[in-house]
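These notes are about the structure you will find just below.
Per-chain residue numbering starts at 1, and chain names A, B, C and D are given in the order in which the chains are listed.
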Amino acid sequence: MPAPDLAVSQWFNTARHLDLAALRGRVVFIHTFQLLCPGCVLRGIPQAQRIERVFARTDLQVIGLHTVFEHHAAMTPVTLKAFIHEYNLTAPIGVDQPGDDGPVPVTMGRYGLQGTPSSVLIGRDGDILHRAFGVEDDILVGARIAQALAAPVARIGTAPAPPGDCAGGVCALPG
Amino acid sequence: MPAPDLAVSQWFNTARHLDLAALRGRVVFIHTFQLLCPGCVLRGIPQAQRIERVFARTDLQVIGLHTVFEHHAAMTPVTLKAFIHEYNLTAPIGVDQPGDDGPVPVTMGRYGLQGTPSSVLIGRDGDILHRAFGVEDDILVGARIAQALAAPVARIGTAPAPPGDCAGGVCALPG
Amino acid sequence: MPAPDLAVSQWFNTARHLDLAALRGRVVFIHTFQLLCPGCVLRGIPQAQRIERVFARTDLQVIGLHTVFEHHAAMTPVTLKAFIHEYNLTAPIGVDQPGDDGPVPVTMGRYGLQGTPSSVLIGRDGDILHRAFGVEDDILVGARIAQALAAPVARIGTAPAPPGDCAGGVCALPG
Amino acid sequence: MPAPDLAVSQWFNTARHLDLAALRGRVVFIHTFQLLCPGCVLRGIPQAQRIERVFARTDLQVIGLHTVFEHHAAMTPVTLKAFIHEYNLTAPIGVDQPGDDGPVPVTMGRYGLQGTPSSVLIGRDGDILHRAFGVEDDILVGARIAQALAAPVARIGTAPAPPGDCAGGVCALPG
């Protein structure tokens, strides 16, 4: 299943917006959190930081996503900014765009995540390889990411024309 | 050294304001924190919760104090309220009153605390028995509190008349 | 209940045999273990070492007791000696005397201990204050030891003559 | 560098001797320990057990190796057998063969290991992929094993005749 686009209202720790389409060809590890979620603070975020360190020399992209689905007034971007500073988080972190109806933000809804902390592993081809609610064993997570990094993007033949783009002399309509 | 009064602008988890004078005769353990302080969340607050459990049947009073001295806009009472809910904190927690000049709140200044997490142990006679910056060893903390609880309030002689009260045939004006 | 005597076949980390009668007036913390018991190695012994550190300036006496009740051929004094060296144990450790009948050693039987790790806290008057099977919370253990240390040995009146000793002009026969 | 043969005097948890030559084509994770080594008991062995669980459905072979290089009289096979029972170790464990001269056992010497705990990762082609003294980060270890598992044994062409075996009409003398 292709990973849906991220809907992010504000980014921290990055000068430009991150876009999964632009990351195609790389493995992406997204960890979602809320700054007042104990399991995120005690386990999820520290694990994401260990992942960053271990895979620092690979082309893995780690992204944090602040998916606030409760206590919205308590977890504003102002508080998130101070949280990022105090916990010394350096990877790109996006604020999941508030939902139009209901408390669940847009990206969290698109990915069907059950709560926080959650994680999503996206392969080089842009497909979702794994989704997890809660924090999994470090060895397992390390193995799964390494496996995704080891998988070649083996596309022999012509790539499909992206929607709205022209290739091979013909132009496809936008999807 | 007598423990200075607490200057608290708002209380959580208690119907009425706590007053050290009214707690005279009991041992009081105050732990100070900021909700975005990693050492508080990971170590200080969990220790305070263990203290509550171990001494639940004694007359020890545990008090949390939210001493915000940085990122004030990020750690408002609205965020603190959600934090208390998410971390399932049940002991009384006071918001240290913002300082008149400078970022350090009033009670934190009165006690000369260096940062968060800190703790203050007050004896039955209202004196400060111990102050610590950082989280100390559990065995040591348990021992120190037990020692304070074991100390009798040995006051032989007439107690001073409380302000506004009558004793010995005379009535004192309220202080 | 008065703490029964220790039956120890060999001591480590002490030049002379320890005798509870000679320790009367002091608080004694005994932790029992088997060198191949995971709960002892991972939790019981480290806690005993923390206790030693915290109460180093008090008159608490910490004693380790190797109460082997299974795999006797695997946990000989030769192996215990190397274990003590490798784990850097410095408090006195006694080898509980093998039982005459059955696998349970003598002291372990006298104290009615259920397994390892266990602990026994003995008060200044020589009575057992607390027995525990398993490792208890550090704060609780610290508090209980401090409470025992704080208790005075308040004996107003004549001490009973020890057995076989002469006091007050008369000599008692050994009990 | 091809992994040297294991020199094992006794195996536990396996009916037959394990032989690296026979494991060619599989990834092998060897963790070495001494039963009285604190770092092994507290960190190395638990990590090996996590590795077994995470990779249970792969063809990874985990092997424990008891490389006693000190306190030989204290860590005999009798004690090791009870240790394996008490710590509930289920993977194959070999006793490294005592050295002819000096305290270092044979396999430990062949692999040039510096102490315990150590680990060796062997690839599908029988080469040593990684050696470590001490316990490394779980994520890193999980990633490295997964990478080794993902590597194909890509041998295009004729395999070399094993020593003493006949292939292609000729028979080679045993090496």
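To be clear about the criterion, contacts are C-beta pairs under 8 Å (C-beta built on N, C-alpha and C of every residue); 3 or more make two chains touch, one makes a residue touch a chain.
Given the structure is predicted, the values throughout are model-derived calculations rather than measurements.
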| item | value |
| --- | --- |
| Chain separated most widely from chain D, comparing mean CA positions | B |
| Distance from the mean Cα position of chain C to that of chain A, given in whole angstrom | 56 |
| Whole-Å separation of chain centres (CA-atom averages), chain A against chain D | 38 |
| For chain C paired with chain D, centre-to-centre distance based on mean C-alpha positions, whole Å | 41 |
| Residues of chain C touching at least two other chains | none |
| Pairs of chains, among all present, that meet the touch criterion | A-B, A-D, B-C, C-D |
| Interface residues, chain A side, partner chain B - complex | 35-38, 41-42, 71, 73-75, 78-79, 81-83, 85-87 |
| Chain C residues touching chain B - in the complex, by the definition given at the top | 47, 50-51, 53-55, 137-147, 149-151 |
